[in-house]
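Next up: the structures, one after another.
The two complexes that follow have chain A in common; it is paired with chain B in the first and with chain C in the second.
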Partner chain A sequence: MPYLPAGLPLPQPTDADAPFWEAARRHELVVQRCTECGTFRHSPQPCCYNCQSFNYEWVKIKGNGVIFSYTNVVHPVHPALKDRVPFNVVLVELPEAGNVRIVGNLVDTPFEDLYVGMPVEVTFDDMDEGTTLPQWKRAS
Partner chain B sequence: MSDWPMKDKVAIVGIGETEFTKWGQIKRSEFQLGLEAILKAIEDAGLSVKDIDGFASYSMDRNEPVAIATALGVPQIRFSNMFWGGGGGAGCGAVHNAAMAVYSGTANYVVVFRALCQGQFGRLGGPVAGGPRPQGEWAHSVPYGLMTAGQRFAMQTRRHMHLYGTTSRQLGAVAVACRKHAQRNPRAVMYGRPITIEDHQNSRMIADPFRLLDCCLESDGAAAIVLTSAERAKSLKHRPVYIMAASQGNGPRQGSGNMSKPNYDTANFEEVAKDLYERAGVTPKDIDVAQIYENFTGMVIMSIENHGFCKRGEGGPFVEGGRIEWPDGELPINTSGGNLSEAYIHGFELVTEAVRQMRGTSTCQVKDAEICLVASGPGVAPVSDMIVRR
Partner chain C sequence: MATGIRDKVVILGMGCTKFGERWDVGANQLMLEAFREALADAGIEKNQIQAAWFGSYADEVSVGKSALPLSLALRLSEIPVTRVENLCATGTEAFRGACYAVAAGVYDITLALGCEKLKDTGYGGLPGRSGGPTQKSQWAPGQTAPGIFAQLASAYAAKYRIPMEDLKRAMAQVSVKSHANGSINPKAHLRRAVSIEQVLAAPIISYPLGLYDCCGVSDGSACAIVTTPEIAKALGKKDLISVKSLQISVSNGREAGHNDWDGDHFVTTAKASKRAYEEAGITNPRQEVSMIEVHDCFSITELVTMEDLYMSERGGAVKDILEGFYDRDGKVPCQIDGGLKCFGHPVGASGLRMLYEMYLQLQGRAGERQLPNPHLGLTHNLGGGPSENVCGIAIVGSYGA
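Moving on, here comes the complex of A and B:
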């Protein structure tokens, strides 16, 4: 069961991030890296903020991260979440990829146990036939 | 010393507001409210619609200058300007843009306005950004339930709490101060409804650490001002309120929301505030009173730090002990009640309050106030600032 219910908006891939979502479908986490200067970036962009190159690659990472910050959403703002509050949202820093940060949910841990600095690892929620979301669980 | 050429060269000469209500209560159209506020500002200045030749607004205000000018019978538009960016980040930025039009001689009398009826066009905190199939940045947050500004700023505030020990009661001190000021302001939506810190602590959680009383109101209303040159201002009805300095923009990759903006526990004002003080030729110690946009309490604490009223990380203790409260605090903020307790007109009601403070007509008038800071839209990008003086 995915952490969040069906009916939430799901991503519409674009030129800049389609490979990210295709990798997630294969249960792989990839991060965009400039092939000119090696700078990682997220969310995906067509151009490197450091050297302005349009050349980049997608680097597959193991998916070990650290909680950078978090919230617990109690007030639902989307109809699909009406009966699914509270839920957490986490911002995960990825030391494997230049400390870029990525948004997700910590799927296996009660909010009370969440803390900044908590080690986490990637997991995947298959939302429908076309979409998989990278997610996070407590590091084993 | 400042070498900013526009310092004190443009003045605010008129202010106008409609009544402010909870969202959904005003039945007149948002467009009409905009017209009413603009006409009041023109009348307050002692001018006629025939004098007005420019308009500026922000946050994709729905009421276009050409429609306003048509309705009012403005004979000629010489300047019309929309400041990009969401939220209230460009309240001062729109004033800044209008001031540049006046200073350059592009237009003579420019109206800056914001009309906002959340009852007619939807609540800002409700609908989901990005639509049913979000793209770009939204695609990497909305599917995880991260859908609103309040939730993103909750995460920034949580990080601030982690780094510096900022507490929920310190967030509450901001809400209590604004509500206290609203008790003297009969125009305030929350007039007659005081709160205590315990009320804040007992209010329901929205997105941790933000409780209901950490969040701004959702309102209907409109506010407007008129600008002209300092020279023309001298012969008008009110004592002019001079724009000492204005600044706008943001720092590196602050448009990247909750992802990889390098400077995370900030309200995004650091660069803008530095420009502001340099242009005005003043320091934080010179500010007598401040109007600091409150979307959420935690962002006010970061704004206070960003503007140099205390060091980074010390904003929590700074807002305690009545320090931001009128009449005795060292930095009274949001003296009309602000977005948290007067009304949420995207912070433009803070601009009109700044003018009242400089005229000596606020309901929480700071004694002998000569210089007022206005900070628009913490946490969004771009943000904007101005300093006005009497």
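Moving on, here comes the complex of A and C:
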């Protein structure tokens, strides 16, 4: 069972981020890296903020991260979440990718046990036949 | 070689309406109200204004698109009018356009006017934005203004290891001070003083921000007429107030796209203020600047901005605020007119409203709020949220000083 319920609006890939979602569908985590200056960035954007280059590549990473911050959401902002609150949201720092940060949910740990600096690893929630969300679980 | 704006442009006249729930008038009348005051103050005829910049943000709900609303409302004589929009920093952007045109020698006298009529939307807060790169909803869904600024407070407390109750108390003092100032300003939207206990006991809007940590939205208009020092003198003006610096800094994605920003301050404000001090020839802002008006959309915004303006040390704003450094009788009074929190926030007018208070103070015309001997005032006008924003800074002061 995915961490988030069916009925939520799912990502609508754009030119800039479609490869990210395609990789997630294959249960792979990829991060954008500028091929001019080597700076990682996330969320996906067409242009590097550091050197303004439009040239980039997608780097596949293992998906080991560290919780940078987290919160507990109690207000159901969408009707599909009515019976799902409270749920956690985590901001994960990725040392494998220049320490960029990525937002997700920690799917296997009670909120009380979350802490900043907690090691986590990526897991994948298949939401429907077309969309997979990269999510997080306690590092094994 | 460019030499900046310092002392090239002076303010000839300014006007500002009462801010608030102005059900009694439309946007047209608000513009006219501010403009008439400025025109009388400048002592010129309307037809001496050669070009105008019009600032409004939410064109869909208040004044309408294009520069037409201003030209129509003031019945300008088919002069060039440009509409500008730069989120909540729109007012400063309009002022910048008018000043640059004079500094360039293209026009003798120009007008900058900002207006917004937000109460007509019928609900609280700001209307939703219309997409584009600042509205990446699929990466950050369900954002609200209090929600994203609340994260600034959490990040600030975490970074400097400040207990949340201490930060809450300092944020409360920010609002208590602004309410005290607003209570003696006849043009302010909210005119009641509040106590620190009331602020701390208020309902939470988005943790840790409570009701009094958030500014509302208002109806209102403010404007400035600017010219060169030579023309102002020829018009018989004395004790001129000149523009010392005008800076804008705009995010490029660095904050949201990487981890070298901890969510605890404004990257743009630090850059814009540094450039502004250089342009104005200020080396020690904490000692040299007499007074400031900053973009206190939320109490925490004002708190961290004190550090991005190099007024307080990094991590030191809490102490300065609780010691009264920014109170009206403190070393660098902040929000002397009540700020966004109490004077109000009609988005497109706010940057010009801030300048209006600086202008009154520098001329000794601020009534009950008058400071003893101000000579240099800074305004800070911010649009967007902590991770992606537009920061406008203006410094004004006595001409030649």
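The criterion applied here is as follows: the second predicted complex is superposed on the first by the 140 of 140 C-alpha atoms of A that agree within 3 Å, B and C clash if a C-alpha of one lies under 4 Å from a C-alpha of the other, contacts with A are read in each partner's own complex, and residues count from 1 in each chain.
By our rule, a contact is a pair of C-beta atoms (placed from the backbone, for glycine too) under 8 Å apart; a residue touches a chain by one contact, two chains touch by 3 or more.
All values reported here derive from a predicted model rather than from experimental measurement.
After superposition onto chain A, partners chain B and chain C are found to clash with each other.
In the superposition on chain A, contact is made by A:12 with both chain B and chain C.
Of the two partner chains, chain B is the only one that A:133 touches; chain C does not reach it. In the superposed pair of complexes, A:4 makes contact with chain B only, with no contact to chain C. In the superposition on chain A, contact of A:72 is made with chain B only, not with chain C. In the superposition on chain A, A:50 contacts chain C only, with no contact to chain B.
Of the two partners, chain B and chain C, it is B that touches more residues of chain A. Of the two partner chains placed around the shared chain by superposition, chain B and chain C are both touched by A:42. The contact surfaces that chain B and chain C form on chain A in the two complexes overlap at residues 9, 11-12, 41-43, 49, 68-69, 77-78, 100-101, 103, 116. Chain contact summary for the complex, chain B toward chain A: residues 125-128, 130-137, 139-148, 151, 154-156, 158-159, 162, 204-209, 252-253, 256, 258-260, 264.
Across the interface of their complex, chain B is touched by residues 4, 8-14, 16-17, 41-44, 49, 68-75, 77-78, 81, 86-87, 89, 91, 100-105, 111, 116, 127, 131, 133 of chain A.
Only residues 136, 138-142, 154-155, 158, 252-254, 256-259 of chain C touch chain A when the two sit together in their complex.
Within the complex, the chain A residues that touch chain C are 9, 11-12, 39-43, 45, 47, 49-50, 68-69, 77-78, 93, 98-101, 103, 116.
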